[in-house]
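Across the two complexes that follow, subunit A remains constant while its partner is subunit B and subsequently subunit C.
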Partner chain A sequence: MMRDQKLWTWHIIAGAVILVFLGLHMLTMHMEGVIKIGSLNPASARSEARGGEEIHPTSWPNVRARGVRTLYMASYILLLGAALFHGLYGLNNIIREANPAKWVQKAVTVVLLLVGVGLFVFGTWAAIAARAVARAAVPGL
Partner chain B sequence: MNDVKHRPNRLGIWGWVGGGRWGMERYLYALHRVTGLGILSYFLLHIIVTSSRAFSPQAWDRAMGMVTGPLFKLGEYLVFVAFAFHAVNGIRLALVELGFAVGEPIEPVYPYRTSVDVQRPLALGALALALVLVALGTVSMWIID
Partner chain C sequence: MSEMTKVTYRIRRFDPTKDASPHFETYTIPYTPGLTVLDGLWRVKELLAPDLSWRSSCRMGVCGSCGMLVNGMARLACNTQISELGTDQLVLAPLPNFDIIRDLVPDLMPMIAAHQDLHPYLVREDVAERESPTGEFFQSPHELEQYLQFSYCIKCACCMAACPTVASDPVYAGPMPLGQAHRYNSDTRDGGFALRREVLADERGPWRCHFAGECSRVCPKGVDPAKAIQLLKRQLVLDIFHLRQQKCPAELAPKPKDINRRDGIPEAPKPSV
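For the complex of A and B:
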């Protein structure tokens, strides 16, 4: 399989991964009002079960409740990698469509690769560190 | 083996807006790229903003405090709309690329028949599904929330 063909196949596979995980993210953040799934916003579910007030998906209690779970941390890292590859490879293709000189194409590819790897390392560190912060905030963990 | 002659796309990005007599799929292609670029821009900033939770709950609250207000809410809504379209249209593109919904191969006999007519119901179905998702998101973000 040629290199471009391989990358394109990975682009589509990454798209499928994003579809699942970003779909869940959108359900959690933007569709909670119409489709409620308790495990996506655990603090809201607990509060509402006790007759308490509604807690926004981005408020710290929900962020903490999701953050302590290893599965969430792993899904954030997987989504981060898939989205960075899918997005930056797509951007690279769009730039190539503008017919820049060969050396510009190569330079853009290198810059996007560095940006992608840099953000992946930073985002992965953030996801792991956030889990430690969330666990420290929950007594008994 | 014959050398493949490189034929550069001379229209470049301007070809996105000038599809000429191409069908709606041409404009869906342009919209797919525009929404992709929008989502990517948001996502790169999103990585930076959401990493604040790695420092402390206070840092998270401060970061969230900086991205509130009607303008940010509108921006988030536009990202949601872009995602709904990009995701559903992406499924359509993957299906077509894998050979679904393009019809059976036929002899190329003049007047040639285009497979676009066979693909059109899929494109319309994808648009309808994207609209349903946008409607659900609109209700959730602007009416219930």
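For the complex of A and C:
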């Protein structure tokens, strides 16, 4: 009981989370030339303040400057969780609509659950490790 | 279409005692202006195919019995003028997404069972008042508006036949039962939300609806079951966070005081039941 009611609600919430974070991603990576928010690309902002050369959002100084911040690490993990849940729950629903046998439905659910948990654990480890690498690369941290 | 003198019915026939699978048979009958699809069926039965079966009763779009597939669209046969179809070639089949009992008669029991599971009536704790009413429950015109259009449903199953999710998902309750669940959940006289939620929260609930909107497009009464299902989803999501507006079942409206019956108006007869 309540299973679909809760899962569908989380599906919608995860969709909203993805929408917000994809918006931030677009601002950070693709709209820097239009809307400049210093905290999204700190290295670019610092370079511009010093009158230095333009630094691309995906360049190492920007990646490192974002990576050392706990807030960014948390946002990577949150986006990963939301995207995995939204995508895999949606995929599970699509497969169910093909009306396979009950045991196939159960097997698909278990496989997708394991894949989701596995990817989430791996992605979370990667986000934490990336932060450690970024911190190690910044002198004084 | 004023030149039309004949109309051809291509009807999907199936007799489970004789046929292994359904097949089409063609009948041509004279056309007269004003002929409905149902009138034509009676003419076919009278003149050409006395063993042809379908359901019908009221002949005026009220009972919901004569839902069938007319030229690819689920319609009420009694409510459909042949002239409005724009052709003299009619193809009739039983409503899809249901088993066929015979010819144009679908087995609507799965729909009825789903409807029944969702308690499609006012659920109240004051059983005595429900069984032996002593007055009217208070309901404002605005509160009536919240469910009025959904109460026009005649359970003809046209929406169920048009729904792509019902076509593929045998567990999904379908637009009619879900629309009616919303109709009663939205009624301020009702207190049965928690009871219906037991069904709505699981896979029979509104979660598999893709909002294709076909149910609303084919509804012969202008009901919008697709909207009802989306509103139902909203209610259930708000319920998870305890944000659903809790409406206590409406109380009995106070009886008017100091009002005298006008002269010449008789007393109402005593209840016979």
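What we mean here is this: the second predicted complex is superposed on the first by the 140 of 141 C-alpha atoms of A that agree within 3 Å, B and C clash if a C-alpha of one lies under 4 Å from a C-alpha of the other, contacts with A are read in each partner's own complex, and residues count from 1 in each chain.
Here is the rule we use: contacts are C-beta pairs under 8 Å (C-beta built on N, C-alpha and C of every residue); 3 or more make two chains touch, one makes a residue touch a chain.
All of these numbers come straight from a predicted model, not from anything done at the bench.
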item	value
First, second, both or neither for A:Asp4, with subunit B first and subunit C second	second
Which superposed partner A:Leu88 touches (first subunit B, second subunit C, both, neither)	first
Which of subunit B and subunit C A:Ala129 touches, first, second, both or neither	first
First, second, both or neither for A:Ile77, with subunit B first and subunit C second	neither
Residue contacts with subunit A in the superposition, subunit B compared against subunit C	B
First, second, both or neither for A:Gly33, with subunit B first and subunit C second	first
Contacts of A:Leu19 with subunit B and subunit C, given as first, second, both or neither	first
Partner chain(s) touched by A:Val108 [first = subunit B, second = subunit C, both, neither]	neither
Interface residues of subunit A shared between complexes with subunit B and subunit C	12, 97-99
Subunit B residues within the subunit A interface of the complex	8-10, 12-13, 15, 33, 36-37, 39-40, 43-44, 47, 50-51, 53-57, 60-61, 64, 76-77, 80, 83-84, 87, 90-91, 94, 97, 136-137, 139-141, 143-145
Footprint of subunit B on subunit A - complex, ascending	12, 15-16, 18-19, 22-23, 26, 30-35, 58-60, 63-64, 67, 80, 83, 87-88, 90-91, 94, 97-99, 119, 122-123, 125-127, 129-130, 133-134, 137
Complex contacts: residues of subunit A adjacent to subunit C	1-9, 12, 93, 96-99
In the complex, subunit C residues that touch subunit A	165, 168-170, 197-198, 200-203, 205, 207-208, 233, 236-237, 239-240
